[in-house]
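Each of the next two complexes has subunit A plus one more chain, namely subunit B in the first and subunit C in the second.
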Partner chain A sequence: MTSSKTNGNLPDLDLGWMDQHGPWDTHAEPGKYGFTLADIQIGEYGQVPEESNNQTGRPRGSKPRANSMRLGGYTVRTKSDIWLENASFLYEEALQRQWSSATDVPWESIKPLPDDVEQAQCQMATFLTEVEFVAGDVPARWISSTTPDYFEARQVLLAQVMDESRHMDVFRKRALANGGGLMRATGATAGFVGGIDLSRDFTEMSSRLHISGEGAVLTIFRMGELMAYNDAEKTIYRLCAQDEARHVAFGVMHLRYMSQNEPDRREEIHSYLDEAEGSMLTDAANPAGRLTQTSESLCILLGGGSDKFDEGFRKLVAIRRRQLQEYRKRVISAGFGDRFDNGRSRLNELMAQAAA
Partner chain B sequence: MADSQTGTKSAGDSRPMDIPEPKFNWMNQSRQWGTRVTPDKKGLTLDKTNVGIYGEVPQRWGDQGRNPRGAIPVKGALPIGYSVTQKTELWADCAAELYEEAIQRRWAPATDVPWSSIQPLPNDVEVAICQVCTEILQYANIDIEVLTNWQHRMSYGYHEVKQFLATASLDAARRYEAFRKRALINGGGLGLEPTGQANRFLLESRGGWTETVAGLALIRTLFVATVCEYLYKHSYNDAERVVYSFVIQDLARLLTYGVEHLKFSLAHDDERRGSVITMIAIGLGMFARDLRDPVLREALAIVFGGGISGARNEGMSIYYDLIEDFRERHLAMRRWLDLPADAATMPRAFRPRDQN
Partner chain C sequence: MASEFTFPSLDWLQAVREVFNTTDMYRGAGSGRCDCVVGLKIEGAVFIVEFEGFGCTGVRQANEAELENVDFYLDMPYELWKSMLENISANNHAIGEFTLNTLDLGMEQGIAHSKHEDQYRQDLFVRYNQTMQFFFDASHRISTTFEEIVAS
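Right, the complex of A and B next:
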């Protein structure tokens, strides 16, 4: 299809590009959930390479240009390094369940609270404002290093960055909405070795961030009813739990894919889990851990005041045990349950220490 | 029943539990207590939380952790390694407002686009639309990689900007998704990989976020927004109209942030002026090289002209109108920013038709 005619001072048409395209005659069709990412994973467009040699950033399935420059510099180019089977579902769910901290939280339901309870709420809100965006900063960094051939996984991480941004702002808003203020930061996500920020491998990062870190916070959010004093707080915890559950699901599904497709890396993954278990109750990033600021705040909130600290502590211990139980389920679901049978896991020991 | 040796006491219930004596040493520690922000008709928006010390945005944020602005910082925490630490390097007064607007105007390509309105089109038009989709989704990919590559380097003290950029990267993810879906739904497929000079310029602009913004906003975003406006006027069905209108909204926010940030940065750091001017000149030069490639030009002309026959005159004429609109808007923004804005200094690709 080449035009040989000229049009005055308009350039001639080349049109040679019209015959250069990816697989043609594609008829993706919307399904019952709309027109989802899963619906366009058809034919060659749905084929995800085990290794990606796409260094130009071209869309998967498009016709490559021989003279394209290698701009991408992607370091994540192996499917098992980042893949998960249900990425399309998680992404679409994330878009459907986006919410607004400005208008979806009944802020007017917040009424003055006893000073000790308000301080505990504000300390927890300060902590959550501080730690939630580690799960925004870090996935963002990995997104830019991942080949677009694995765009489905990247899309989920992009939605996560947005979710975490909202978490950061909703807890800031809570701290400033009821006569209190921000309190003392914890440094829980500082740049220490073994920290989420410094991971040099995506799966290592995901096991720290999604499985142990966010998993622990998810348990707290799910127990939000126990520490909420009004509908606004209940709404915040419920909506955050919804988001956090997707992030944890990403980690579980990724580990499962890794376990099934890279058995040689299983021992390595176990060592990340060893590390996670070692600090599960002591890590400052776990609000139910042993850091005084957060654990005492939780005890006040769970008990109903500083004078009911003991009652709150018992509930905190129940939460710690639930965190450990939920962690166990996740690890089993991810395909690493053998560690609980062969004595490698420290979970039983941790269960006993939960009351300390 | 306090145990003076261990600092714990027995709970006295059926299951013995040593309950630690609370320290409460985190209580009564706030830099500003008594804060009560309230929602208005737009809800409880992020900018509302900027009261008292919480609204004091410093010129430099030296904290290398995730200390929320206004909280009491942690001393001795190991640094995370933020590199964008000056207000002049990223700030825009409108960031909080744009963040909330982005959330209010969220959309989902799966369910908010009437995909069933797309009917078979003449083959030349379908090929052209699919090529345009391939180009725009590649641009979206670069936006994702540029934004996420910078986001994690930005200091926590400027959380409004980090949060707005989280919305901007999710917007780009949606663009990536929506244009891929459009390409695969109507008997076509993805086209030829786009050229990448401007992409390279954006990805390799690592010296400063402000300089990156100059290219991202004043060149790439403005161009894609202008293209989408013209596509909207020459769309073939409701689905395309809806996609273009949502994308135009999304890009308008990124453009607003970009221009407002440049305004702020240039007003407070005159030494930046030279590098911004240079970046724009280099960016336009690279973009002009991309435009010399006939693929996007001809594809757009076919879409605007209703087919190959209409592309030669009407379609190409509309394409040049588009380029002129881009040029005039670009120059208007430069004038507003008090940057040199002489059309004669722009590459030939952007000069008026009679000067080409």
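Right, the complex of A and C next:
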């Protein structure tokens, strides 16, 4: 391609911009999954720098603009600070597995419930609306702090924000759908969850949000099918669990990348996990923990009424143990399983406390 | 529903796969791209079901050792498999206690297992749960007969 100052009958044009471009003659083609981010990782366009000095919002692979001002004030400019190996895969998966709370939930299956069960369901819906605000807000802040050179990870987080937005709306809808309403806020956004937003570093945030916080909520979503009283609630919990599992996968894969590429930061990450384990059963962030407002409502839902509280509590203990077991296996998968062998983890102690 | 397919059998899985791959409704509503290899253990018989992109790319008979390589496998008593499929057939999809996730939660050891113990891979059962559910829900479109299993 060449630029020209004159062209037949056209007026004189400044076509100098035509020569200003990144690598040319690219021919990306759709693959068997459609035209995905993975299909455009070609040449320089697919090269992710270990460090980025891109402070101007320049798309990766485009030609830099001279004398441009700083735009983002990006603080995340080191690849290992945010990277994971399967970011583009998770992003495409997130796009292609979206659902609508308006049309994919069989709302007509919700029928009147006993008052105590409806109140408990509304309490859980209130709690989940509350925590999903945090799960959306916090990653959103980090997106805007991350250099565009790491756009794949940013886009997974953008998709997460969309997911959390849907979770907020679907639980709000559930609370208002069956004669109840929103209950008293639980304060779950204080304590450990509030602390997520105080993270000074993306990995600190991710270990708190994706591994500890969302891991615990994932178990609750899965268990949601046990405390669902109709197909609508079953569908809500199942579809939210799918989304949440994707967010947890982000955290596991990021910690795995960090563990392999920044061994000097392993001790620091262990300290985040220490902190998470310390509040796993006591903090308001975990509805299966000891906060009565949520744990009592869970027992009523799981048992089938306040008169079957003991049966519900037995199931709640099973949920707590499952949360802890799944947390353990995810931490091992992320590359930090040594804490379970060297006595650092408090997990055995927590297992013993699960029935308290 | 001209043909009848016996459960469990490779023919039955292939018929379900055909329905799953050719029915549009199984691509939306929280389903969609799905990449995983799933094992099924049914009364001593082992099958492998592979999902790639938007479809089920293959089903085949396998042996116990091959379960080492799957992301997760589903294993439950034959009577429960049968009850689940009868529930699906009666309602066109699983309801109540017969959704895969509820079955998993209802049993102390669950129905989704792995030999590798890697939670990232085992979480695929949750991450792709709606797809797994749609796959078995597709069985309502075929006529299923059940192999008589004598309890040992």
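In this text, the second predicted complex is superposed on the first by the 341 of 356 C-alpha atoms of A that agree within 3 Å, B and C clash if a C-alpha of one lies under 4 Å from a C-alpha of the other, contacts with A are read in each partner's own complex, and residues count from 1 in each chain.
Heads up, the rule we're going with is that a contact is a pair of C-beta atoms (placed from the backbone, for glycine too) under 8 Å apart; a residue touches a chain by one contact, two chains touch by 3 or more.
Keep in mind that this is a model prediction, so the values were computed, not measured.
In the model built by aligning both structures on subunit A, subunit B fits alongside subunit C without clashing. Of the two partner chains placed around the shared chain by superposition, subunit B is the only one that A:Thr292 touches, whereas subunit C remains out of contact.
Set side by side, subunit B and subunit C differ in how many residues of subunit A they touch, and the one touching more is B. Applying the stated contact rule after C-alpha superposition, one finds that A:Pro148 touches subunit B and leaves subunit C untouched. In the superposed model, A:Ala352 makes contact with neither subunit B nor subunit C.
Once chain A of one complex is fitted onto chain A of the other, the partner contacts of A:Glu108 are limited to subunit B, with no touch recorded for subunit C.
Using the contact criterion defined above for the overlaid structures, shared-chain residue A:Tyr33 touches subunit B and also reaches subunit C.
In the overlay built on the shared chain, the residue A:Gly136 is in contact with subunit B alone; subunit C does not reach it. Of the two partner chains, subunit C is the only one that A:Gln242 touches; subunit B does not reach it. Judged by the touch definition given at the top, the superposed model places A:Glu225 against subunit C, while subunit B stays out of reach.
In the superposition on chain A, contact of A:Gln96 is made with both subunit B and subunit C. Put simply, the nearest alpha carbons of subunit B and subunit C end up 10 Å apart when the two models share chain A. Within subunit A, the residues touching subunit B in one complex and subunit C in the other are 33, 92, 96, 98. Residue ranges on subunit C touching subunit A, taken from their complex, read 28-35, 52-54, 95, 99, 101-102, 105-106, 117-120, 122-124, 126-130, 133. Here subunit B touches subunit A in the complex through residues 9, 11, 13, 17-20, 22-39, 42-46, 48-49, 51, 54, 64-68, 70-74, 76-81, 99-100, 103-104, 106, 108-111, 113, 115-116, 124, 127-128, 130-131, 134, 137-138, 141-142, 144-149, 151-152, 156, 159, 162-163, 166-167, 169-170, 172-174, 176-177, 180-181, 183-196, 199-200, 203-204, 294-295, 298-299, 301, 308, 311-313, 316-317, 353, 356, going by the rule given at the top. Only residues 32-33, 89, 92-93, 96-99, 104, 218, 222-223, 225-226, 231, 234, 238-239, 241-242, 244-246, 248-249, 252-253, 326, 329-330, 332-333 of subunit A touch subunit C when the two sit together in their complex. Subunit A makes touch with subunit B in their complex at residues 1, 3, 5, 7, 9-11, 13-15, 17-18, 20-30, 33-37, 39-40, 42, 45, 56-59, 61-65, 68-69, 71-73, 92, 95-96, 98, 100-103, 105, 107-108, 116, 119, 122-123, 126, 129-131, 133-134, 136-138, 140-141, 143-144, 148, 151, 154-155, 158-159, 161-162, 164-166, 168-169, 172-173, 175-187, 189-192, 197, 292-293, 296-297, 299, 306, 309-310, 313-314, 317, 355-356.
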